[in-house]
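As structure tokens, here come the structures.
What follows is subunit A paired twice: with subunit B in the first complex and subunit C in the second.
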Partner chain A sequence: MNAILSLIAVIGLVLIPLIGVKGANLHFLFGIVVPYIAIIVFLIGVISRVMKWGRVPVPFCIPTTCGQQQSLPWIKQSKLDNPSTTSGVVGRMLLEVLLFRSLFSNTKFELREGPKLSYGSTKWLWLGGLAFHWSFFIVLVRHIRLFTEPVPAFLKNVEALDGFLQVGIPGVLISGVVLLLAVTYLFLRRVFVPQVRYISLAADYFPLFLIMSIAITGILMRYFLRVDLVSIKTLTMGLVTFNTKIPEGISVIFYIHLLLVSTLIAYIPYSKIMHLGGVLLSPTRNLPNNSRMVRHVNPWNYPVEVHTYQEYEDEFRDKMKNAGLPVEKE
Partner chain B sequence: MYNGGKIIAGLIIFVGLFTFPIFYNMGKTSAMPEPKLDTPVIKQLVEKRCVESKEYMRANHMQLLDNWRDLVIREGNLVYESTGGKKYIMSLQNTCMHCHSNKKEFCDKCHNYANVKPYCWSCHIPPKENEI
Partner chain C sequence: MAKTPKPDELSKINYTPPQSAWMDTPAELKEGNWCYGAKPKNLETLHFPNPREWRVQDEDWKLPENWQEIVLQGMRERLDKYRSFKVFMDICVRCGACADKCHFFIGSGDPKNMPVLRAELLRSVYRGNFTTAGKILGKIAGARPLTLSVLKEWWYYFFQCTECRRCSVFCPYGIDTAEITMMGRELLNLLGLNTDWISGPAANCYMKGNHLGLEPHTIVGNLSYMLDDIETVTGIKIEPTFNRKGAEILFVTPSGDLFADPGTYTCMGYLMLFHELGLDYTWSTYASEGGNFGFFTSNELAKRLNTKIYAEARRLGVKWILGGECGHMWRVLNQYMDTWNGPADFLEVPKSPITGTVFENTKSTKMVHVAEFTADLIKNGKLKLDPKRNDNLKVTFHDSCNTARGMGLFEEPRYIINNVCNHFYEMDELTTREKTFCCGSGSGLNAGENMEIRMRGGLPRANAVKDVAEKYGVNMLANICAIDRAVLTASMDYWVPGVKVTGVHELVANAMIMKGEKERTTDLRGDPLPGMEGNE
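So, the complex of A and B:
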């Protein structure tokens, strides 16, 4: 049900520009207004969400500890899995962001006959996630060519490497194909693994369908429907130089792609995709495990007014003496 | 705000990276590249028409050239009959570049703009052009 709702939403998003551009000629709205709004919503959303997270106090030192903590000198510390220094934290964070180490340790357990409980390691989610994120990143980098003039030299190398198979004309770019395959795998995993299906919400399916449709429209534009790249770059360059123009002859598939991308960009700060900022602000990942070396002060500790015995005695010394009570200071 | 310095620095870097094209292109105006069609050979043509229509060539020239390569190299077929019934020798250097002898002002104009690097010239010899 969740999946079907999300699919209907994405189909609706495809139909809007189809009707709006083809039927009502709203090129200006879909080519210029919508992308600008999406970018503004994205930037404001990301900044406000990160600021909101930044204002949340962290009362305890709660890093996840996945290995031997720093202890006596002759006990070997697991520096990356249980970092006690900032550099260790940075190392663990980098490996997590770039290589998804926590997914690599993903395990699966099942009840077999006996009854026996057996544990095994599953790398499929790690592999699918890694393929998805990295190919998406390369696709994103490749799109810089539409927003820069002259195009930075390194992009030629990126594209040459991405298309080194030299299959067909225009050459197949590996990242686009891998992106579509990986996002399809991640979707099928949600559908076919019962436990994952049980916990999947519409908010899980929607971004998957959205990214899938973005990849499909992109691949259609490049290999099958053949859009006019020069006109499209004129439009995108107009957007980044604030000198907007709508060239003639841009196919409607481009406007569909653009609306889907705008939706994704505007949706990021208000959805699970915000994990791109959240991972850096997770106390379980960005704190060093140094609770035995450094005192972690709870920032919301209320300043308690205390009245020590010394102060008490100073205040009541005369009365105490009169009553014959022993005092520490005469 | 806790760790405000680090978080704000991170945000500034992120926004800077995200809006990098705006700074990169600041002060430039982008004009659509116009490939030049004023070579001596084209000027002398009575009917200024490529092997197929302008719209078709614009969208499909790379696939046409790819087909030509396969037809000539793999099947030994040298003559292309266009939709108008006119016959052409399938040759990049001798047919295409005969008219479009200005690679820099014709091919490269759009290819550079769109960051496309066709591998035609890793085998073929580009026409000699006077350095401007």
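So, the complex of A and C:
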């Protein structure tokens, strides 16, 4: 149900420019206005979201420790999994953000007669997640070509690397294909793993369909439907130089792609896709386990009601004396 | 009290989620899976809201008229006070990596025991009340209103989470469902919804200094029984001191070890070790609890109980504090105490009077873990040990959740065990260290009336013990936690009969050759030492 609703939403997004551009000639709206709005919504959203998170204090030092603590000098500390210094934390975060280290250690279990539980390592989610995020990133980097003139030299290298298979004309770029495969895997997993299906919301399917459709329209444009790259670049350059114009000859598939991308961009700050910002602020990962060495200060620490020793002694003085315990007041 | 099903029945677990979506499947509060509600007198002692007689199985929980408002206001406050709470409400992508990591899910198959869904129970209400999408789109956006049935579901499942943090290890964003459970329990407590097994001990801690409610003379009395036993076994008479001003070290340990087997043997281990070292230390009857049942209730109550430790250290004028074997006590000491009640600038950086080692890693809290202390002694050759005395034991070690994932105390206890025992075997590495499985009864769930869920939650740990018991003949499960000592005993009897439970310092005391001791024929439990079987 959640999946179907999301699919309908994305199909709707595809139809809008199809009708709007083809039928109503709203090129300016879909080529210029929508992307600008998307960017503005994105910027405001991201800034306000990060500010909302950042404003909330971190009252306690609560890293999840995944290795040996720093204690006696002859005991080897696990500096990355249980960091006690800033550099350790930076290392831990880098491994987390770039290589998904926690997911790498994923396990699965099996219950057999007996009962007998056994555990094994499972790397599919890690692999799928890594492929998805990295290919997405490379696709994004490749698109810099549309917004720069002259095109920076490093992009040539990225493209050369991306197209190292050297098949097809125009040459097949791996990243786009991997992105489509990975996002499909993530979708199928959501549908076919019963537990994951059970927890999935429309908000989980929607971005998957959205990204899937972005990848598909992108691939269609590159390999199957001839699009006028020169005009597209005129439009995109116009967007970054605030010199907006709508060149002739851009086919509707581009407008569909653009609306889908704009939707994604605007959707990011208000959705779970913000996890990319959240992981950096996650107190179980971004704090060092040094709270016995350095006092962590809680800005809202307040005095509390306590039961003092004096009250305790007042209640038990006789019993204490009888048991031979020292007391403050006779 | 519900009858607990037999192990073979309990281990038939169905992992297929129900047909109906989770939001359309109201929680059924099954007996054997929940604890009795807090009694009014305990809430009154603690000055907690809404003290009243109530029963979980009743329709009417006697909530205040405006209970929804209270909860939502409480949520708003906490979203502004805890970045963890706020961020964890927002960023879960429901990837499911945490789903099968919870011992309660593995043991029950109940999808709402998947950490992600446990968190969604609260997150759905967050969306419905605090996010624009949730307010407009409602259920499509995963939002739902806070109804009585939702509240009961919270109660049921936030007291089926032992705040063990195992899920947090596997989450790519470190989302810690324990943190969400803690918030959930705080919110429930605003309405007077606690379990009696937590509020009773917390009230005891508050008034009497320890969760068992041992009064000062009883503490002295209990210890003196142990001292008699020690004398019987070793011929040595020990005279510890209590509430003594001017001692160098204050020793604080969970009170469970003063009270019941097998924790008492661990306590005897401390007494013997400190005596042998001639340590200038004192017990306190006021700060006679290291454990903190407030931590299972609310941040504020945890702080109120924890205050006693520094207050007592200050009153007695000690130089530093030594802490016994306990799980959540050490998460509190490591991650909370100094923040709440520090700075402990009236204490000195702990230095072992025996080895001269300065515990640099504790230079702010001034509180050392007894396993760190003892490992240092052994490393410096300060103890005479005869591990052969433990040769009748084949030992494995259970990492407690809190010392594992809230501290990282892995090598110290292993180093000690390897020096005092000849036969030590590790369990499956996917079930130890940071991946350790909870005993199943932590965070205040060790009551009697919820035995079914305790045994379910205990299954993964027990099953890994069973594996080494079958492979290597392991017959002793060592640990460094007082709750473990109490509850793993029950879980072993249920799942792996024949395996006993011990604290690490019991093993130390058995192996330690004391000055002037008589020839020992039994261990601390009165069982014959290896080779002494005929001497009884």
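In this section, the second predicted complex is superposed on the first by the 301 of 330 C-alpha atoms of A that agree within 3 Å, B and C clash if a C-alpha of one lies under 4 Å from a C-alpha of the other, contacts with A are read in each partner's own complex, and residues count from 1 in each chain.
Throughout what follows, contacts are C-beta pairs under 8 Å (C-beta built on N, C-alpha and C of every residue); 3 or more make two chains touch, one makes a residue touch a chain.
Keep in mind the model is a prediction, meaning the values are calculated, not measured.
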| item | value |
| --- | --- |
| Fit-or-clash call for subunit B and subunit C when the two complexes are aligned on subunit A | fit |
| First (subunit B), second (subunit C), both or neither touched by A:F224 | neither |
| Partner chain in contact with A:P57 - subunit B first, subunit C second, else both or neither | both |
| Touching partner for A:I169 - first (subunit B), second (subunit C), both, neither | first |
| Of subunit B and subunit C, the chain that contacts the larger number of subunit A residues | C |
| Touching partner for A:F192 - first (subunit B), second (subunit C), both, neither | neither |
| First, second, both or neither for A:G238, with subunit B first and subunit C second | first |
| Lowest C-alpha to C-alpha distance for subunit C against subunit B (Å) | 10 |
| Subunit A positions touched by subunit B in one structure and by subunit C in the second | 56-58, 281 |
| Subunit A-touching residues of subunit B, taken from the complex the two chains share | 1-4, 7, 10-11, 14-15, 18, 21-22, 24-26, 28-30, 32-33, 58-60, 62-63, 65-66, 110, 112-117, 119 |
| Subunit A residues within the subunit B interface of the complex | 43, 46-47, 50-51, 54-58, 144-145, 147-151, 155-156, 159-160, 166, 168-170, 226, 228-231, 233-234, 237-238, 240-241, 243, 247, 277, 280-281, 299 |
| Touch list for subunit C against partner subunit A, complex | 7, 11, 13, 15-17, 21-22, 47, 79-84, 86-88, 90-97, 99-101, 106, 111, 114, 116-117, 120, 132-133, 140-142, 165, 168-176, 179, 206-209, 215-217, 220-221, 242-245, 285-286, 299-300, 303-304, 307-308, 311-312, 315, 333-336, 338-340, 342-343, 357, 359-365, 367, 372, 375-376, 379, 404-412, 415, 428, 430-431, 433-435, 459-460, 463-464, 467 |
| Touching residues on subunit A, where the partner in the complex is subunit C | 1-2, 5, 49, 52-53, 56-62, 64-72, 74-76, 78, 81-82, 84, 96, 100, 102-103, 105-109, 111, 114-121, 125, 129, 193-204, 270-272, 274-275, 278-279, 281-285, 289, 291-298, 300-301, 304-309, 312-313, 315-316, 319-320, 322-326 |
